[in-house]
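Next up: some structures, all given as structure tokens.
Two complexes, one shared chain (chain A), two partners (chain B, chain C).
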Partner chain A sequence: MLYFFTSLYFGIIGAILALLMRVQLSVPNNFFLSAYYYDQAVTMHGLIMIFWFLSPIAIGLANYFVPLQIGAKDLAFPRLNAMSYWLYLSGGIMAVLSFFVPGGSADAGWTNYQPLAVLTPGSGTTLVYLGLVLLAASITLGSINFVVSIIWLRAPGMSLDKLPMFTWFILFTIIAMLFAFPTLIAAFALASSDRILGTVFFTSTQIQPSILWDNLFWFFGHPEVYIVLLPGFGIIANIVPQFTGRPLAAKNAILVATALVVLPLSFGVWMHHMFLTGIPVDLQGAFSIATIAISIPFDVITLSFVESMIRGRVKLLTPMLFVLGAVVLFIIGGITGVFLSSPVLDRVFRGSYFVVAHFHYVMVGAAIFSIFAGIYYWIPRFTGRMYNERLGKIHFVISFIGFNVLYFPMNFLFDMPRRIFTYPNIGNWALLNGIASVGAFIFAGAQTLLAANLLYTWFRGPPSPPNPWGSPDLEWKSQPVLTPSPTAPTDTSESPPAGGWIGQLATPASPATETHAAGAEHGEAHYSSRPIQLSFGAMIFLMGAAFYPGILAIGLMVIGGALFAVALGGWARDDLRHKFAPPPEEEGDRWPFQGVSKMKLGMWVFLSSEIVLFGSFLAAYIFIRGAAVTFPAPGSIHDIPLGTLNTIILATSGLTMFLAIQAIRQGDRRRLMQWMSVTFMLGSTFMGIKISEWVNLGSSGFTLSAPYPFNLAASAYYIIVGLHGAHVTAGLIMMVYLMKKTKDGEYTKESHEAIENFGLYWAFIDIVWCFIFPLFYLL
Partner chain B sequence: MREFALALMYSGMLTVPPTVATFDHLLDWYLFFGVGAAVVVIGMLVTFVILYRDKGDNKPLPEHKTEGWKIVLITVMISISILAAAEYQTFASFSNIETPSQCSMVPDPCINISVLGFQWGWQFTYPNGKVQLTTEDQPLTVPVDKIILLNITSRDVFHSFGIVSLAVKEDAIPGRYNTLWFNDTNLGLVTMAIRCYELCGAGHATMVGNLSVVPYSTWQSEFGVNTTG
Partner chain C sequence: MRTSVAFGVWAYMVIAVLTEVEIYYMLRTANYDLMTAAVSVLATSQATAIVVFNMQLKDEPGAIRLFALIPIMFLSALLIAELASLG
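On to the complex of A and B.
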């Protein structure tokens, strides 16, 4: 719930920025905000709303209700969850802080089109970028946690076909996040390194860096739209039956459509953001078809929501009103989206207020209205009290009217460019903008009613019946404590005596216990201070990096780095001392992953996102190689025999790691130790050769300031190979830790999960090198 | 601006340039399908809410099938047919927005003008080598009833060159040359016809230009290549 309230806080910041913009645009030739402040407002409004409000608010709800819905005690990895939250907050602090540094915050639009964004002076933009990298890291950790929880922690009897729709859609969202966000990390890491280190990924004019950025950004950016939207659809699908009195129409069709069409296709439509960049007409046609095709599953989903009312008994209570509002707004936003899928119509609509209207209908209309529905629906479960129905209905009516007054006029502003800070009094621009600004204040004002209703419910609301909506879902089988302490919102629920929530369940696990009830040793995991130390360490370090160069920057980097190291060491020490014993694992419904352990599943999920991360970097490299007319010939820079030797060394270390695993599988701890030592030596040798190569390259003039194309080759080499080197180094550090544990007699034939998982990680690093070596040395 | 121009066109005072005709024709199709679909679906939603609202009686509800694959199939079929029809229209008009084929013929009847975007303005290079920056009294000047081919790039950051009254737009990207064409059929000066459609820094809002359409002979004497000598 901390997540939920933090995201509301960021939502308020984003809304204030939006109101500032609407004030500026309310009349023509206005100078309330200068272009300098307007551009910051428009950029940070987008970034904060999308990354620090919309996604996290859904994740906040999911954090509370997914474990309840699947009958788990908590998420799979509590400390990972804490880590995810603190990273999210750290990134947000950096983003907000950026307003107060000289030169102001990022101001190149939330899309950060290059090379404008890397050329913007000041450390504000860098702060935002590194904040985004932290946020993306937070999302990746959170995603691993949710995937493993949803497939591994389900209570007995909670088979996939009984999984509530909200949990299903959170699973879909998380999967999209898992594969989309690594590309965001790659894009903003490259841009940050341009800004800090002076690499030339987006400043080299020879390789059309704008196109490289567009591809990276939108490969992430389009799935992000669905990441924002899908939790809302999950809420709708979850709660509609309770208000229509009949089951959700075509439930399985919705699941199939989302899993098999929306998810994969969302990664195959990104070029519709690039119709006018001069891509070939055939590509425009292909992406137009893909884009229009992705609307078909949404037709199925929308119509199924509508059909779910047929022959039902529709109760127009506040949650249902917001559901209906979300569906209507989604229909409008979806259809304008079909307009935008046409490359020909895009010749007029691109970069205009028509686009602004479209994505606000989807990302504000559909997503936020359905999240409001979720808030009203679940607040009785959360507080044990009922919200005020009349106030809720008034909130809906004013929100719906305000929203349409705000955004509908923008559909007619298709000749007005987005992101202009002021405009002349021509045509109907003044009239339409004036109406929109009035709408903005109506819509924003309506949200005070939501705040009032939440506060009222919290402190004064009448006690709610245990299951006010007659829901079959598991979260309503447990009861919150009626008088919650507002300072500790997450700890308000108790575990009721386990009751059979579905008749056929033989031994229901006590559903929905929160941290306190789950037992001291488990609950304590939440109170580890390591995640917050790690996150703030990383944050301070990256702040220093953003201010680089300078004494303040170095100081911050040293402090941050030290805090990070101390926290990491402390975490390892806690583990060595068994401070946090993992709770005993219970039997659950894990199809189709019965045979896989929790940690291993987590490692696989993590590695799959790592594949996308390296894939994005390597794709960027391949793009650069394709776009650069001249490039240093193979062998002219890198020593191929030395590289080959190093490849053999790393490959051999993969083999010895495998032998180490084989040893412990047979229970031979001594041989495990021996093979791990060999692996460690080989890995260190690899890194040693690597460092000597770097020193040689650096001293022979292969630097970032070398003339083109050597600066480009150097940028790509140092950053991408450096990323791999960092992974190897992390692996070596982990190996030290594992060897220490081996020496303490930790691992046995039956229990050596950590070794197995490390083996996976090490093998992955080897495989990545098998791609890097030919790409950088041989081609 | 465009509404005003359109109103004049429909009242017969102006003729419709081909790029605008293509856009309007296609937009009509999309509006027909889009507004139609919205009205039908939102209409269904409202009808169902009214028909099946909670009337306070406690009659038991009829049994419901949980799966309606038949309805799903119908939804998909209808969606595909509407979307395919719309997409067909897009593809049919695609050829109209590509570079006209006669421009590759010799002698070249198309007029090539280079457009360079910069922070913050546009620079035009005419066939006779004359270079002009956009100012209030230096519009982009083109001859009437001729195919104009703009070769667009940028000197610094990502811009997007658009003349919405002619329904054309193309990104101006550093290191990359993109083309668009139009054929303006109406004489006259259109103020602020040219705008930048991608945020390009503090001057984005002021990156505007006028468009002046003049008779061919006038244009030829000032900007054209003098073929006679």
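On to the complex of A and C.
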């Protein structure tokens, strides 16, 4: 729930920025905000709303209700969850602080189009970028946690076909996050490295850097818009049956369409954001068709919602009103989207307020309205109290009116460019903008009613019946704690005592043992302070990096790095002392992943996001190679025989790692230790050779400040090979830890999961090198 | 995986990388495109060997394979479209 409240807080910041903009735009030729502040407000409004408000608020709800819905006590990895929260907060702090540094915050639009954005000086923008990297890291960790939880922690009997719709759509969202966010990390890491280290990914004019950025950003960006939308759809699908008295129409069709069409295609339509970048016409055609194709499953979903409402007897209570609003607004937004998917029409609408109207109808209209529906729907389960129905209805009516007054006029402003801070008094621009600004204040004002209702419910609300909506879902089978104390719950671990919801579907277990298990297990794990230390360490370090160079910067980096290292050591020490011993794993419904352990599943999910991370970097490199007219022949720069030798060394360490695993499978701890040591030595040799190569390259003038195209080659080489080297180094550190545990006699024939999983990681590092070596040394 | 297979994979890794380098010296001026193609195939085969044997994907339930296949599918789309957008 901490997630949830934090995201509301960022939502308020985002809203204030929006109101500032609307004040500025309310009348023509206004100078309330100068261009300097207006550009920051636009940019940060977009970034904060999308990354620190909309996605996290859905994750916050999911954090609380997904475990309840699947009959689990908590998410699979509680400490990872805490880590994910603190990274999210750290990233947010960096983003907000950026307003206060000289030069201000990022101001090139939420898409941060390069090279425009590279050219804006100042540490503020860099802070935002690095904050986004932290946020993306947080999301990736969170995704791993949710995927494993939903796959692995379902209570016995909770087979996939019984999974509630909200959980299903969270699963879809999370899968899209897992594969989209690594590309965001790659994009902003490259851009930050341009700003801090002086690499030239987006400043070499010879390689069409804007196309490179657009591809990376929108490859992430389009899935991101679904990431924002899908949880809302999950809420709608989950709660409509309770208000219509009949099951959701075509439920399975919705699931199949989302899983097989929306998810895969969402990664195949991004170029509709690039119709005007001069990409070839055939490519535009392909992406236009893909975009129209992806709107078909949305038609199915929308029709199903509409059909369910028409056929059923609709009870117009607050949650249902918001559902209705969301569906209506989604239909409007979807229709405008289809217009935009035509490359021809897009020529007219591109960059105008028509686009602004489009995405606000879907993002605010569809996504936020359905999240409001979810809040009203679930607040009785969360507080044990009922919200005020009359106030809820008023909130809906005013929000709906305010929203349309705000955005509907923008549909007619298709001739007014967006992202301008003021405008001349032409045609009806003044009138329409004035109306929109009034709408903005109505809409924002309406949200105080939501706040009032939440507070009222929390402290005064009448006790709610145990299952007010007659829902069949598992979350209502357990009871919330009534009478919340005035101190708001500060952690997800405040989830109410496990009144026996696990095994509800199979055999009711005895509540006593369960309450005990829940408290002992995650209660304590959550209170580990290591995740906070790690996140803040990373944050301070990156803040320093953003201000680099200078004494202050280096000081911050040292402090941050030290805190990070101490926290990491502490974490390892906690584990060695078994401070947070995991509870024994219970049997659950795991199809189709039976027989895969929780940790191994986590490892695979992690590696699958790593594939996208490295893949995005390598794809960027391949793009650069393709775009650059001249590029130094790698063989003329790098020492090929030495590289070959190093490749063989790494491959050999893969073999010895396997022998180590084989040893412990036979229960031979001594041989495990020996082979681990050999692996460690080979890995260190690999790194040693790498470092010597770097030193040689540096002294022979292969640096970031070399003349073009050497600076470009150097940028790519140092960043990508460096990233791989960092992974090797992390592997070496983990090996020290594993060897320490081996020495303590922790691993046995039956129990040596950590070794097996480390083997997966190490093999993955080897695979990446299989591509890096030819790409950088040969081709 | 039996130990003999592990040695087999390792031997393949070594032979493949040596072949890559050999091909590079043979073809880099004669036929750059052919060299690129051959080296890419070799690199992919190395990666596949590790995934299948060292990471034991062949013994895992099919669903796990999705976690390897899906990202590769998406990345291929990115790569192809990216290169195509160069025109």
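To be clear about the criterion, the second predicted complex is superposed on the first by the 746 of 779 C-alpha atoms of A that agree within 3 Å, B and C clash if a C-alpha of one lies under 4 Å from a C-alpha of the other, contacts with A are read in each partner's own complex, and residues count from 1 in each chain.
Please note the rule applied: a residue touches a chain if its C-beta (ideal position, glycine included) is under 8 Å from a C-beta of that chain, and two chains touch if they have at least 3 such contacts.
Treat the numbers as computed from the prediction; the structure is a model and nothing was measured.
Enquirer: Looking at the superposed three-chain arrangement on chain A, would you call chain B and chain C a clash or a fit?
Expert: Superposition check on chain A shows chain B and chain C fit without a clash.
Enquirer: In the superposed arrangement, does chain B or chain C reach more residues of chain A?
Expert: Looking at chain A, the partner in contact with more of its residues is B.
Enquirer: A:Phe408 in the overlay: touching chain B, chain C, both, or neither? Say first, second, both or neither.
Expert: neither
Enquirer: Roughly what angle, nearest 10 degrees, sits at the C-alpha centre of chain A between those of chain B and chain C?
Expert: An angle of 90 degrees, rounded.
Enquirer: A:Gly654 in the overlay: touching chain B, chain C, both, or neither? Say first, second, both or neither.
Expert: Second partner only.
Enquirer: Contact-wise, after the overlay, does A:Ile426 reach chain B, chain C, both or neither (first, second, both, neither)?
Expert: A:Ile426: touches chain B, not chain C.
Enquirer: Applying the touch criterion given at the start, work out whether A:Phe32 contacts chain B, chain C, both or neither, answering first, second, both or neither.
Expert: After superposing on A, A:Phe32 lies clear of both chain B and chain C.
Enquirer: Who does A:Ala108 touch here: chain B (first), chain C (second), both, or neither?
Expert: It touches chain B, and chain C stays clear.
Enquirer: When the two structures are overlaid on chain A, which partner does A:Phe441 contact: first (chain B), second (chain C), both, or neither?
Expert: In the superposition, A:Phe441 touches no partner, neither chain B nor chain C.
Enquirer: Kindly classify A:Trp458 by the partners it touches after superposition: chain B alone (first), chain C alone (second), both, or neither?
Expert: So A:Trp458 meets neither chain B nor chain C here.
Enquirer: Which partner does A:Ile767 reach: the first (chain B), the second (chain C), both, or neither?
Expert: In the superposition, A:Ile767 contacts chain C only.
Enquirer: State whether A:Arg347 touches chain B only (first), chain C only (second), both chains, or neither.
Expert: The answer is first: A:Arg347 touches chain B but not chain C.
Enquirer: Closest pair of CA atoms, one in chain B and one in chain C, after superposing: how far apart in Å?
Expert: 10
Enquirer: Pick out the shared contact residues on chain A: the ones touching chain B in one complex and chain C in the other.
Expert: Comparing the two interfaces on chain A, one with chain B and one with chain C, the shared residues are 208, 211, 277-278.
Enquirer: Would you mind writing out the residues of chain A in touch with chain B in their complex?
Expert: 34-36, 39, 42, 108-109, 113-116, 119, 205-211, 244-253, 276-278, 281, 284-285, 288-289, 292-293, 295-296, 299-300, 302-304, 306-307, 309-316, 324, 327-328, 331-332, 335-336, 338-339, 342-348, 350-352, 414-415, 417-424, 426-428
Enquirer: What residues of chain C sit close enough to touch chain A in their complex?
Expert: 1, 3, 6-7, 9-10, 13-14, 17-18, 20-21, 24, 28, 35-36, 39-40, 42-43, 46-47, 50-51, 54-55, 60-64, 67-68, 70-75, 77-79, 81-87
Enquirer: Mind pulling up the chain A residues that touch chain C in the complex?
Expert: 179, 183, 208, 211-212, 215, 219, 264, 267-268, 270-271, 274, 277-280, 283, 287, 592-596, 601, 604-605, 607-609, 611-612, 615-616, 619, 622-623, 626-627, 633, 635, 640, 644, 647-648, 651-652, 654-655, 658-659, 662, 759-760, 763-764, 766-767, 770-771, 773-774, 778-779
Enquirer: Per the contact definition, I'd like the list of chain B residues that touch chain A in the complex.
Expert: By the definition above, chain B touches chain A via 1-4, 19, 22-23, 26-27, 30, 33-34, 37-38, 41-42, 44-45, 48-49, 52-55, 61-62, 64, 66-69, 71-72, 75-76, 79-80, 83, 86-87, 90-91, 93-94, 96-98, 156-158, 160, 162, 164-165, 167-171, 173-179, 192, 195-205.
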